[in-house]
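In C-alpha cells below, several structures.
In the two complexes that follow, chain A is the common piece, with chain B as its partner first and chain C second.
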Partner chain A sequence: MENVIQVKNVEKNYKNFRLAVPKLAIPKGFATALIGENGAGKTTLINILAGTRLDYKGELCFFGRYSDADREKPESGVREAIGYTGPGCYYLPHWNIKQVGEVSELLFENFRPERYGRLLAELGLVGEGNPGSGKKVSELSDGNRMKLMLAGVLARDTKLLILDEPASPLDPLMRDKLCEMIREYLADGGGERSVLFSTHNISDMENVTDYAVIMEHGAVVEQGFVEDLKEKYVLVKGEREDAEMARKILYSMTENRYGFEGICLAEKLDGLAGMDVCTETPNLFQISVAVMRENTSLQFH
Partner chain B sequence: MGNRNSYRAFAPACVRLILYVALPALLLALQAFVLLYAGRSLLEVCAGLYGAAAVFFDFWIFGGICARGTMAFEYLKTSVRGTKLIERALVWDGFCHFCGMAAIILPGAVLERILPPSEGVAAGMTVRLLTVLFLDYAVWLLAASAARHVTMMVWYYLISVCAMGIFMALTAGALGQIAAGHIWVLVPAAAAALLLAVFSVKHVMQRMEGSYRDETIKTGSADD
Partner chain C sequence: MKILQNSGVPIYQQIAEQLRGEILAGKRKQGEYLPSIRGLAKELRISVITTMKAYEQLEAEGLVTAVQGKGYYVNAQDGQMLKEQHLRRVEENLLAAIAAGRIAGMSDEELTETFGTLLKMED
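This part shows the complex of A and B:
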C-alpha cells in the first residue's frame, strides 16, 4: 500500500507538552481521520504536516519521494499539491470573498477561479440571500468562514487535503455536504488523492473515514483502517452482576444499574467465557472513546 | 506575479482610489483654495493630513498583519509564493505612498509659485520640499509599522492622529532650521526615510518568518 505521508521520529516540545510520533503512515487514496481529545496534539501534528510550523525535529516524506526540505522548494510542487485549511480563519480579516479568490490565484498555479465561483454558489456563500462576494471575512460567521476555506482549497487541483477540524463550525447539514465533497474529491482522483482531517465530530465524519489515527498526550495510541479496527475491537454488553469480572477484561467500560457496556479487544473475548454477554461490532466513535478513555488523564466515575 | 498585482491583492480598489487619486486631488484643491483666498501655504499641513490618512487606510491593506495571536500569515504560508507575495506588496505599497506624498508636495510647490503666499516659508525651496517629503514618508512608515501590530480600527485612528502630530512637530523644527540656513536637516530626514522603508518591510517579513515557530509567535496554548 502506498502512503501519501510518512512520519518518522517527529518531535516537538512545548513548555508543558511534547509531541512524539516515532512512526506514522497516512495511506494514499483514502480519507484519514485524526482523532483525539483537546490537547492531544492533533493541530500540532497537522501544522507540521502542512508546513505552517517548522520548529520540529524528525523526518517527513510526501508522496513517497519528497522530504520536508523538498516541500519548501517551489520546483518540487509539494505545496502546490497540498490544500490546507486551519482551525480558525487564516485569511486577513478585511479581505472580502472576491479578494480571497484573487489572492489564491496569485498564490497557487493550480487555483481555478471558475471552480471557486461555482463552489461559492454551491456552498451558499454567493447568490440571492447569501453573503455575497463583497462580504468581508471578518463579517462571516464561523461556519461561513470554514465554507470559504473549503471553497478555496477545493478550487485547486491538489493531491492531498489536510483539514484541521473542518466539521467543527459546520451545521449538521453542511457536515453531510462536507462528507459528500470529500467523497467526490477522492473519487475524482482515481486513487491518487488523499484526505487527512482532524475531528471531534467522529459520528458525523465516520461515514467518510477510511483510516483512523487516534492520538493522546502527543502520541499516536491507535491507528488502522476502520474496518480492521472494527474487527480488532468488540462492543460487549452484559449483566450488572458480571461487571466486576468484565472490568478486568474490557478495554473500557460504562455501567448502569441494569448492566454494563464496554469495548474489548477481540483477542480477549475468551476471558468473558461463562458470562451472559452479547457482542456487537462497535462504530468508530465507540472505539475512539474507548481508546481515548484508556489513555486520558481525565477522571471518570 | 508582479509587485503591482501583489499589492492589488491586498489593497482594495476603493482604498487605492481614495489614497492615490481622490485624497491628493482634494488636498491640492484645498491648498489652492487657501493660497487663493487666504494667501497662506498649507503644504505641510496637507502633507501631514495625507500621511495620517495613509496610516488610517493601512487598516484595509495590511491591518493587524503583525498582531500577536492572529493567523494573518497562515494562508500565505501554505504557498511557496506567499513570502514573495507579501514582500512585493509591501514594497509596492511603500513606493505608492511615496508617490502619493510627492503628488501632494511637488504640485503644492508649483501652486505656491503660481499663487505665492503672502507670508510663511518661501516657495520653491528644494530642500524644504524634499525635507517635508522625507519626513512625511518616514513618519508614515513608522506609524504604519506600529499600527500593523493592532487589529482594532480605533487604534489605527489614534496612531494616525499621533502621526500627524509628530510630523507637524518635526516639520516645524526642520523648517526652522532650514530658514536659519541649516540645510543639513535634509540628510537625517532622507536617511530616516530610507532606513524606515527597509525596516518596515523587513519587520513584517521577520514576523512572518517567526510565525513558523510557536516559541516566537505565541498563539496561545499548545494546540487542540
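This part shows the complex of A and C:
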C-alpha cells in the first residue's frame, strides 16, 4: 500500500501542550478521518501537513518523494497538488464570490473557472445564470463560507485534499453532499487521489471513511483501516452480575442498573466465555468513543 | 445491488454475496471487469475500503483476479471449478452440522439418520 503523506518524528511544543507523532502514514487513494477530542491536536497536525504552520520539528514526505522543504519550492508542484480548507475562512471578507474565483485563478495554475462556476451552482451558492455571485464573503453564513471554500478547492486539479472540520458548519443534507463529493473526487482519481479530513461528526462521515486516525493529548492513540478496526474490536453487551468480571477483560466499558456495555479486543473475547453476553460489530463511532474514553482526562460517572 | 445498513450482515459481505451470485449464475462473464472499487463505492454510497474488502474476499475464493492498476476481472468458471466451489460449501456446512451434533452428543448413526430423513423430506 502506497502512502500520500508520511510523518516521521513530528513534534510541536506549546506552553501547555505537546504534539508528538513519531510515525504516521496516510494511505494513498483513500479517505482518512482524523478523530479526537477538542484540543487533541488535530488542527495542529493538519496545519503542519497542509503547510499553514511551518514551526515544527520532524520530517514529512508527500506523494512518496517530496520532503516538506520541497513542498515550499513552487517547482515541486506539491502545494499546487494539495487543496486545503480550514475552520476559518482564508478568503478576505470584502471579496465577493466572483472575485474569489478570479483570485484563485491568479494563485493556482490548476484552477478551472468553469468548474468553479458549476460547483457554485451545484452547491446552491449562486442561482441559475449566476445571480448572487456579487455576494461578499462577509455576508455568507458559516455553512455557505465552507461551501465556497469547498468549491474553491474542488475547482482545482489536485491530488490531495486536506480538510479541517469540513462537516461542522454544514447541515445534514449538505454533509451528505460533502460525502458524495469526496467519493466522486476519489473515484475520478482512480486511486491517485487521497483525502484527509478531521471531524467530530463521525457517524455522518463513517460511510466515506476508509482509514481512521484517532488522537488524544497530542498523540495518535489508534489508527487503521475501518474494516480492520471493526475486526479488532467487538461490541459486547451483558448482564449486571457479570459486570465486575467483564471489566477486567473489556477494553472500555459502561455500566448501568441492568447490565453493561463495552468494547472488547477481539483477541480477548475468549475471556468472556461462560458469561451471558451478546456481541455485535461496532461502528466507527463506537470504536472512536471507546478509544477516546480510554485515553481522555475527562471523567465519566 | 441492494445494501442493508442495519441487517447485522457486514456490508462487504453483502456485496461479495451478491457479486458471487451473479458470477456463479453466469451473469458476469469470464474476463469481464467488475466495477472499479471507487466507482462502486460512489454508486453504493459507502467507503472505498468496504468495496475493496468485498473484492478481496471474491479474489480469495478464486472467483476474480486482481490486476494491478486495472481492477478485478471474472475468472473462467468452468463446470469443474463451479462444482468444486459448491462442493466446498457443502463440506463446510456439513462440518458445521457435525460439530453441532457432537456438542449435542449425537452418535454417527443418529447424524446419518437425520441426514437421511432431511434428504427424504426434500423430495
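Convention: the second predicted complex is superposed on the first by the 297 of 301 C-alpha atoms of A that agree within 3 Å, B and C clash if a C-alpha of one lies under 4 Å from a C-alpha of the other, contacts with A are read in each partner's own complex, and residues count from 1 in each chain.
We adopt the following convention: a contact is a pair of C-beta atoms (placed from the backbone, for glycine too) under 8 Å apart; a residue touches a chain by one contact, two chains touch by 3 or more.
As the structure is a prediction and not an experimental result, all values here were calculated from the model.
J.: Will chain C clash with chain B on chain A after the two structures are superposed, or do they fit?
T.: After superposition on chain A, which the two structures share, chain B sits beside chain C with no clash.
J.: A:17 in the overlay: touching chain B, chain C, both, or neither? Say first, second, both or neither.
T.: Touch partner of A:17: chain B, not chain C.
J.: Taking C-alpha centres, what angle do chain B and chain C open up at chain A, rounded to the nearest 10 degrees?
T.: Rounded to the nearest ten degrees, it is 150.
J.: Between chain B and chain C, whom does A:183 touch in the aligned arrangement: first, second, both, or neither?
T.: Only chain C is touched by A:183; chain B is not.
J.: In the superposed arrangement, does A:121 touch chain B (first), chain C (second), both or neither?
T.: After superposition on chain A, A:121 lies in contact with neither partner.
J.: When the two structures are overlaid on chain A, which partner does A:266 contact: first (chain B), second (chain C), both, or neither?
T.: neither
J.: Touching A:107 in the superposition: chain B (first), chain C (second), both, neither?
T.: Touch status of A:107: first partner only.
J.: So, A:191: does it touch chain B (first), chain C (second), both, or neither?
T.: The answer is second: A:191 touches chain C but not chain B.
J.: More residues of chain A are touched by which chain, chain B or chain C?
T.: Here the partner covering more residues of chain A is B.
J.: Looking at A:69 after the superposition, I want to know if it touches chain B, chain C, both of them or none. Which is it: first, second, both, neither?
T.: neither
J.: So after superposition, what is the minimum Cα distance from chain B to chain C, given in Å?
T.: 26
J.: Quick check on the complex: what are the chain A residues that touch chain B?
T.: Its residues touching chain B are 14, 16-17, 38-39, 41-44, 47, 50-55, 72-74, 79-80, 82-84, 86-94, 96, 99, 102-103, 106-108, 165.
J.: Give the list of chain B residues in touch with chain A in this complex.
T.: Residues 1, 5-6, 8-10, 12, 59-60, 62-65, 71-72, 74-82, 85, 151, 212-215, 221-224.
J.: Over in the complex, which chain A residues touch chain C? Could you list them?
T.: Within the complex, chain A contacts chain C at residues 29-31, 179-180, 183-184, 186-187, 189-191, 206-211, 225-227, 230, 280-281.
J.: What residues on chain C touch chain A, complex-wise?
T.: Interface residues on chain C, with respect to chain A: 8, 10, 12, 36, 38-39, 41-42, 45-50, 53, 69.
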